[in-house]
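Here come two complexes built around chain A, the first alongside chain B, the second alongside chain C.
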Partner chain A sequence: MDRLTRIKWIAAVLCAASALWAGVEFYEMRHYKEPVVLGPGVTQVQKLSAYEPSLAGTVNDCNVYILDSGRPGGTVLLIGGTHPEEPATNLTAQIFVENAKPEAGRLIVVTRANTSGSLYSRNGEAYPSFYEIKTSWGSKKWRLGDRAGSPLDSWPDPEVYVHYPSRQLLAYMDIRNLNRCWPGRPNGLLVERTTYGMAQMIRSLGVDVVVDLHEAELEYAVENTIVAHEKAQEIAAMASMMLTSTEFEVPIGMEFSPTALHGLSHREVGDHTPAMSLLYEVAEPLLDRIRGVTDQKLVLEGKDDFVVEAGKHKLLYAPIDENGWHIDVRVGRHISTFLQCLDIFSMMNPERTITITGVPRYAEVKEKGVGAFFHDPSKAAKDRVEYD
Partner chain B sequence: MSDALMILINQIVTYGYYAMTLLFACALAWNLRKTRDPQEAVLYAVILIPFILRVLHVK
Partner chain C sequence: MKRKGFLSALMLLLMAASAMALPKVETPLLATTCGQSPGAMMIKMSAMQAKVAPVDSSKTLTADELDPAKCRTLVVTAGTSMKGMGAAGTDVDKEIARCTALMKAAKEKGILVIGAHIEGMARRTDASDEASIKAVMPLADVILVIEDSNSDGFFTKYAQELGKELIVVKDALSIGAKLAELQ
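Take a look at the complex of A and B:
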């Protein structure tokens, strides 16, 4: 074998090994199923395709968990996983599925709203594929995905995304971003059909309140806040005051949903369905451009020296110190904010009261850690475990 | 334009894209075999990686 042939073989073998190594990791992420133990409050699990049939057989035919108290009251929809690289959102939603007990009204939970985006990681950002949280029975694993759906599931993107029905022009990849595709349409691309399915579900189940959970980089101005549609402004304002004065060390604000910015849940759900819509944001240093090493530790502990340094120079919209923004803090804030908004909604609409028990509030999550609120799927009855 | 036609065009573009990716992957493999330049050979091998992963619907 001459020198050139040897070089060719070595290059081909090394690159094939690299492709195999990367391919196995990508394949594992795309096919990993997250177990969800159905808590005592879950009365039914539906598929989103029940509301938009074209989703059947696609990765975005996500589970819809229904927790019905069987008593009169209102209905609330909690959406996690809109942006899969914001883990506090799907973790919060799953804590409700595994622990919540509605005493009045009905709770509907989606933990992986844009499943497609949770099946791959962001190109060029070196995100970890998974993160694991310690529990009393072992370690539990979730996928850390990307912000938008995967091009493997929705392709090609348009040159410019023309939002339906506003016709506002948005960036091409936002046609895979679930929080730019509301209220959706039945003949659109995958993510538009996903939001359409959820909007149909909101209409047909008579949902009163929709809450969309998010996390944001500290460099972003919309941070640690509740963004509210006109219909929900009073609830958001009161919740923000109550939480800031009684529970949170770092205040939570309240912002009005801009009327001219389209595709977002806090605008379109309120405009196109009978429900009132709210969106919560909490700080997540993983998303900051200036962060350092992007690993599981950063996902969970939210500590980064570069972000802290930026904070010292007053370049951020949220405070950060050496304690970072731990996942327990982020999830705890989302849970308390949700429960507080429900309390206020129920106070203002006594005939539509929604009462939920069984879930911890901020202080308890901080004290025990989020791992304390996930149950062992191997110990649960088989018909009480679902997979996202 | 009807929805069914739009969906059909979208599917044709998608299949065309994968056919094009396979074509480029084959062309790169062919060039890897034929080149007389060792540096080019390494380059072709590296460039092949994303094409292979995309054809296999892995990434």
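Take a look at the complex of A and C:
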């Protein structure tokens, strides 16, 4: 065998080994199921395809957890996992599924709104495929995922994404971004059909309030805030003042939902359904362009020297120090913000009161850690465990 | 003994002088924002919580619309929202033009004008925030800020430079109680 042939063989073997290694990781991520232990408040688990049949058999036919108090009151929908690379969102939603007990009204939870995006990783960003959180019974694992749905599930992208029904022109890949596809359409691509299914669910179940959870890079101006549709502005203003005054060390602000920016839940849900819509943001250093090593530690602890340095140069819209933005802080803020908004909504609409107990607030999550609020699926009855 | 008595009397005098310098807040109270942030909405909700009534907020209030029968105190909050200005199809220059005209009209009509910064350091990040602050505060009768907005002492120095009374409250939720106290 001459030298050139030998080099070719070595190169081929190296390529095959790399492809195999990547393929195994890819396969694991694509097929890993996240167990969810149904808490005492869960009365029913539906599939989203109940509201948009074309989703049946697709990866985005996500679970819809219904927690009905059986008492009169309003209905709230909590959406986690709109952007899978924002883990505080699906973790917050799952804590409600595993722990919440509605005392009045009804809570509906989606933990993996865009499941497709959670099944693959972002190209070129070296994200970890999974993250694990310690609990008293062992370690629990979730997929990290990308911002948008996978091209494996929604392909091809258009040259330019024309948003329906506004006809606003958006970037091509945003047709897979769940928070650019509201209110959706039944004959669109996968993510448009996903939001359409959720919008249909909102209409048919008479949802009063929709909350879409997010995380944002500290370089982004809309940070640690509640973005509110016109219908929800008074609730958001009051909640931000109360939380800043009584619970959070770092204030939570409020922003009005822009009327001319289309496809986002805080705009379209309020415009196209009877519900009022709110979107929460919390700081996540993982998403900053200037971050350093992107590993599970950064996902969970939110500590990064480069981001801290940027803060020293006043390049950020949220404070950060050597303590970072830990997942306990991020999840705790989302939980308290949700509960506070519900309290204010109920105060302003007593006939539509929604009361939820059994869920920790910010201080308790910070003290005990998020792992304290997930239950051991191996100890739960088989019919009380679902998979996302 | 005499010295203690003198100091006590001096302190009482200073406190009385300080209280006298603070304006009397009359209702109806109207709030608007120079930069389309939710500050005015927060003033309204905080005032409502403290039972200061009637109170309302507007994102677009102009000098022509200002009716002294419907507004005895005008609060203009500074600090801008790019999202808000984009949504309203305006920019910081237009907002400054609207609000400075409004504040001048209010003064001509004998309306108390409070310049406020109540959304903390998050609304003191860029040139638009600074421009709105520097447009609003010189025209105010009194300046109202929350502790977070003044965490670097900026408003303490700025109020001194402008020769304005500065009211600092703990946070946005405390604004209503302060307004009620000044009624």
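Rule of thumb we're sticking to: the second predicted complex is superposed on the first by the 388 of 388 C-alpha atoms of A that agree within 3 Å, B and C clash if a C-alpha of one lies under 4 Å from a C-alpha of the other, contacts with A are read in each partner's own complex, and residues count from 1 in each chain.
One rule holds in what follows: a residue touches a chain if its C-beta (ideal position, glycine included) is under 8 Å from a C-beta of that chain, and two chains touch if they have at least 3 such contacts.
All figures in this text were calculated on a predicted structure; none of them were measured in a lab.
When the two complexes are overlaid, the chain among chain B and chain C that reaches more residues of chain A is C. In the superposition on chain A, A:A380 contacts neither chain B nor chain C.
When the two complexes are overlaid on their common chain A, residue A:R30 makes contact with chain B while staying clear of chain C.
After overlaying the two complexes on the shared chain, residue contacts for A:S18 are found with chain B alone; chain C is out of touch. Looking at the shared chain after the overlay, A:A372 reaches neither chain B nor chain C. In the superposed pair of complexes, A:I290 makes contact with neither chain B nor chain C. Legend: residue contacts after superposition of the two complexes on their common chain; A:L205 is shown touching neither chain B nor chain C. Look at A:Y120: by the touch rule set out above, it reaches chain B but stays clear of chain C. Chain B makes touch with chain A in their complex at residues 3, 6-7, 10, 13-14, 17, 32-33, 35-36, 38, 41-42, 44-46, 48-49, 52-53, 56-59. Touching chain B in their complex are the following residues of chain A: 3-4, 7-8, 11-12, 14-15, 18-19, 22-23, 26-27, 30, 120, 152, 155-156, 187, 189. Residue ranges of chain A in contact with chain C, taken from their complex: 221-225, 227, 233-234, 236-238, 240-242, 244-246, 251, 253-261, 314, 317, 319. Residue ranges on chain C touching chain A, taken from their complex, read 36-38, 41-42, 44-46, 49, 81-84, 86-87, 89, 119-123, 125, 148, 170-174.
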